[in-house]
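You will see two complexes here that share subunit A, one where it goes with subunit B and one where it goes with subunit C.
So, the complex of A and B:
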C-alpha cells in the first residue's frame, strides 16, 4: 500500500510540540478514578500505624514516567500513615537503586515540609536484589526468613545486623505476617506474585505500567488482587485521591473525586500529594487526542483513495 | 532435634562452608571436565531431572502444617519427607539464585572477550567497544567506591547531597544522570513509532478492523478525563434523576460503563484464554525438558 500523505518528520514534530506545550501550563483536568485505583487507595488507607508492607520495586528508568510516580505516591502514603515497609527487587539489578533514590527524594520532601524523616532500620529496611524473579518470589512466599535471612543493614549505631533484627521485621515469621504486599513493576513479576504470594492469602496489590493494565485487570476481576493502579492515569488517580479524598464535599458542596465503590468517604491525606501524575496527565490527554486525530486522517485518506480509484475505474 | 543439613546456619561455620564449597566446586569442575563427551548430555539431563523432580515433589508432596523441626519429630514417613522438602526449599532456591548470579559473571566475561578482541584487532567500529568497556568499568568502580564510602561512614546522612564526595557524585552522575536518562529516552522513542503506526496502519479496512478500531477509540476516550467527564455528565443529564427503567438503561451508555463492559466482557476472557493456552504450552515444554525428550536434553 502507498504510504500516507503526511511525512514522518511532520508527525514526529507534531508529537514533540503537543507533548511539550502542556508541560508549561497548569491545566486542571476533571477525573473519575478507575475502580481498581479506588480499591488500591482504599486498601492503602485501611493500613494502621505499625503495620508492615512488603514493597517490591521492579522498575527502572525506562518506565519511570509511570513507575516512579506510583512509587512516590505509595511511599508518601505509607510514610504519612507511619506504616513500616521492606523494599526488595527481583526483576532488574537497577531496581533497588531506583527505589532508594525515590525514598531519598520523598524523605527530602518531608524534611522540607517540616515532617520527620522516615528512618532506615527502624521504619524501613531494604532486602536488596534477588536474581531470577520466579524463584525469588516463590522463596519469599514459602519461607521469608530463609529468603531474606542473609541480608544485613546498619542499625542505628552503625553496626551491621541481619534485617530480621530490625524493628520493621520483628513480627515477620512468614509472608502471611505482612499486612500487605505491593509490587511496583514493569515486568512479569505480577504473574509470579499471584502464583506464589496470592496463594498464601496475603493481601496483594500492583502498580503496573499502562501496557500491563489489560492483563492485570484479569487478576483484579478474579479477586486475586485487592486493587491496582495502572499507567499515568493510575498516578493521577492516586494523587487526586490523596489530595482531595474520595466522596468528600468541598465548601460549595461539590465532590471533587467521586466513586460509588466507597459507601462513605475517605478524607484527604495531609501533606504534599501532587506530583508527576498531575503534571503529565494533560500531556497524556493531548497525546491521545493527537493519536485519535491521526487515526482519523489516516482513515479519511484511505476512504478518499478508494473513492478516487472507483471513480477512475 | 531433626535438622537436615540444609537447615544449618552457614554463617555459624562460615570458613568451613566456604572452604568446603570451594573444594567441592573444584572437584566437580575437574570431574565434569574429565567426563567423556558422550556422558555429558546424560549428566546434564540427570541434574535437570533431579532439580525438576525436587520442585515437583515440593509442590505435590503433603507437608506438615505448623511443624517445628527444632522441637518435633516427624510422625511417619510422609511427614519425614515433607519436613525435609520444607526445610530444603530455601537452600535449593539459593542454589538457583547463585547459578543465576553466575550468569552475570559469564556475561561480563563474554563482553570482555569479544570487545577486547575487537579493540586488539581494530575491527570496524572498535571505538564503540572502547566506550562500552570504559562505561562498564566506570560503573563498577564508582558503584563499589560509593558503596564502600556509605558503609564506612555510618554517621553521615548520604541521602543529603551536601555530604557527597567525588565518588558519590560520579556514581550519581553515571547512574541517575546517564543510565536512567538514556533508559527513559530509549523507551520514549516508542511514542513516535506508535503515532506513526496509528496514522499509517490503524485503518478500517475490514469489518473486524472496524470493530477493533471502534473499541480502541472508546477505551482511549475513556482514559481522557475531560472527554469521559463530559460524556458521562451528558448521559446522566439525559437519564435525569428519575429512577425509571429507561433512566437506568440510558446510564449504561456512560463511556466509563461502556469501556468497563468491553474490558470485563471481552478483554478479560480473551486474556484468560491466551494465558491458559500459554500455561498448557509451558507445562508440555517443561515436561519435555524434564524427561529429556527435548533435543539436546539427552544423548
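So, the complex of A and C:
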C-alpha cells in the first residue's frame, strides 16, 4: 500500500459493495441491442418446431458469469419453440457438466411454470466430450454419423441405444442436415467452427465471452456467421429481446427494444425471460463507474505526488 | 434419498462453494494460507474431474467400446469389437518416452502425427477462414444512394447489394483506411522514407492501439462480470435462497 493512497482494504470493500448491492435492486438500463445480437435473435426466432440444432457447450465455471446466461437464453428459446438439440463439447472435460446443469435448471423452471419438461432422448441428446477441438470439429463437419456414431444414451425404456436412433437424430445424415449450429464458448473453438463448419454452408452462430467479441466481430462482418452474442451485454440483449421482442410497440405505443437492423418486428417469446443479464448488467455499470472514479483518483494522486517531488527537489 | 436430504446436501455443497470463492478471492488482498489451501483443492478437483470425464465422456465410447464391442443386456451384439484400435495405445504411449534419454526419439512419432494432422487441417482451412474476410475487405467507399442515410439489413438482397448509403460509405472508408494503414505498419522489409507513407504508418499504429484498447476494455468488463457472478452466488444463491429461504 502506497503512503497517502486509499487503503487496499477500502478499495476491495468498495468493489465488493459495488458488485453486490445493485444486484438487489431493479435498475432500468436503456439498451439498444447490438446488430450481431439482433441477427442472433432473428435467426433463433426463425427456427420452426421440429428443427434440429447442434449446440456446442465449450465453457466451464470459470466464465459462468457470461456463458451461463448465454446458454440459458438459448435453451429457453429452443425449448419454447420446441426445437430439438444435440449438445456436445470439444474444449474442456468440464463443459458437458456445465451444459447439463443449465438444462436441468431450465427444465426445473419449466416445470415450475407448468410447462412440459424437455425430454432427453426424444427432444435432446448429448454427444458428450471430444478432446482435441480442431480434429473433433473437423470430424463432425466431414462425417457426423461416424463422429457421433459410437455415442449411446438411454432411450425412453431405459435401454442403451446409439444416439442416431433417437428421434432427435432421425433426419441427420450429415452436418448440413442441422438447421443451425451454435457454439457457446469461452475458447478458440470459434475459429475451428468457422474453419470446418462454415465451409459446409451450415448457418453458424456464436455466444462468446466479452474478451472474444472483437475477434468474433470479424467473422460476423465477413458473413461467416449469422450473428453472435458477446459478454454480459449479449445476455442482456437476448433477455430484453426475448421479453419485449424487437420493434414491438407496447400498450402506450412505445417501442421498448428498437433496432434499425430490421424494418419489421420480431415478437417476444412468451414466458419469463429475464434473469442473469438483467441483474448483472446494471451492476456492471456501477462497478465500471467505481473503476473510472478510482482511475481518476489514482491519476490525481500521481500528479500531486510528482508535483510534491518537484517542490522538494 | 428424501428431497429434504437432497436439499441439505445441496446447501452443504453451496456452502463449500462460498468458502472456496472467498478463499480464492482472498489472494487479491494478499498471499495467504487460506488461499493456498483452496488453490490446491481446486487443482486436485480439476485434475481428478478431467481424468474421469475424459474416460466417461470420451475414451470409453469412442475408443474402448469400439475395441471391445458392445453387447446389449439381452445378449445381442450391437457392435462387434475391432482389435485394430489397440494399436492406438503404443502410439500414444510413445509420447511418454520423452522422459527417457535413450528412447526419447520415439516421442517424436506421435508428435509428428499430430503435427501432420494439424498442418493438413490448416491447408484445408486457410481459405475458409481468410477468403471471405479478404473478399469482405474490398468495400465500396463511394455512396450510390443519397436519399437514405442507412439501409436496413432485411431490404431485398439485390437492392441491399447495390445501395451504398452515406453511412455505409463512411463506415466502409474508415474500415478500408484502417485495414490499409495497419497493413502498412507491418511493412518491415524496407525502410519507409516517404513522409506520407510514414504518417499513414503512424496512423496504423494508433488505430492498432485503439483496437487493443477495445480488447482490453472487453477483458476488464468480462472480469467484472465474473466477480459479479461470484457475488450473486454468495448473496443470492447461497445466503438468500439456501440459508434465509427468501426469493
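By our rule, the second predicted complex is superposed on the first by the 295 of 313 C-alpha atoms of A that agree within 3 Å, B and C clash if a C-alpha of one lies under 4 Å from a C-alpha of the other, contacts with A are read in each partner's own complex, and residues count from 1 in each chain.
Here is the rule we go by: a residue touches a chain if its C-beta (ideal position, glycine included) is under 8 Å from a C-beta of that chain, and two chains touch if they have at least 3 such contacts.
Please read these numbers as outputs of a predicted model, since none were measured by experiment.
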Are subunit B and subunit C a fit on subunit A, or do they clash, once the structures share the same frame? clash
Which superposed partner A:299 touches (first subunit B, second subunit C, both, neither): first
When the two structures are overlaid on chain A, which partner does A:309 contact: first (subunit B), second (subunit C), both, or neither? neither
Could you tell me if A:6 is touching subunit B, subunit C, both of them or neither one (first, second, both, neither)? first
Partner chain in contact with A:32 - subunit B first, subunit C second, else both or neither: first
With both complexes superposed on chain A, which partner does A:252 reach: first (subunit B), second (subunit C), both or neither? neither
Regarding the shared-chain residue A:201, is it in contact with subunit B (first), subunit C (second), both, or neither? neither
Pick one for A:97: touches subunit B only (first), subunit C only (second), both, or neither. both
For subunit C, sort through 80-88, 134-142, 152-160 or 188-196 and name the stretch that clashes with subunit B after the overlay. 80-88
Name the residues of subunit A shared by its contacts with subunit B and its contacts with subunit C. 8, 12, 15, 19, 35, 62-65, 93-94, 97, 130-131, 135, 138, 150, 214, 218, 221, 284, 287-288, 291
Mind listing the subunit A positions that touch subunit C in their complex? 8-9, 12, 15-16, 19-20, 23-24, 35, 39, 62-66, 68, 89, 92-94, 96-97, 128-131, 134-135, 138, 150-152, 159-160, 162, 191, 194-196, 198-199, 209-214, 218, 221-224, 230-232, 260-264, 276, 279-280, 283-284, 287-288, 291
Inside the complex, what are the residues of subunit B that reach subunit A? 11, 86, 89-91, 93-94, 96-97, 100-101, 103-104, 151, 154-155, 159-160, 175-176, 179-184, 186-188, 191-192, 194-196, 198-205, 213, 217, 220-221, 223-226, 228-229, 232, 256, 260, 263-264, 267-268, 271-272, 275
Contact set on subunit C toward subunit A in their complex: 28-29, 46, 49-50, 53-54, 57-58, 61-62, 65-66, 70, 72-73, 78-79, 117-118, 121, 124-125, 128-129, 132-133, 135-136, 150, 152-155, 211, 214-215, 218-222, 224-232, 234-236
State the interface residues of subunit A toward subunit B in the complex, per the touch definition above. 3-4, 6, 8, 11-12, 15, 19, 29-32, 35, 60-65, 93-94, 97-98, 101, 104, 107-108, 130-132, 135-136, 138-139, 142-143, 146-147, 149-150, 154, 158, 214-215, 217-218, 221, 233, 236, 281, 284-285, 287-292, 294-295, 297-299, 302
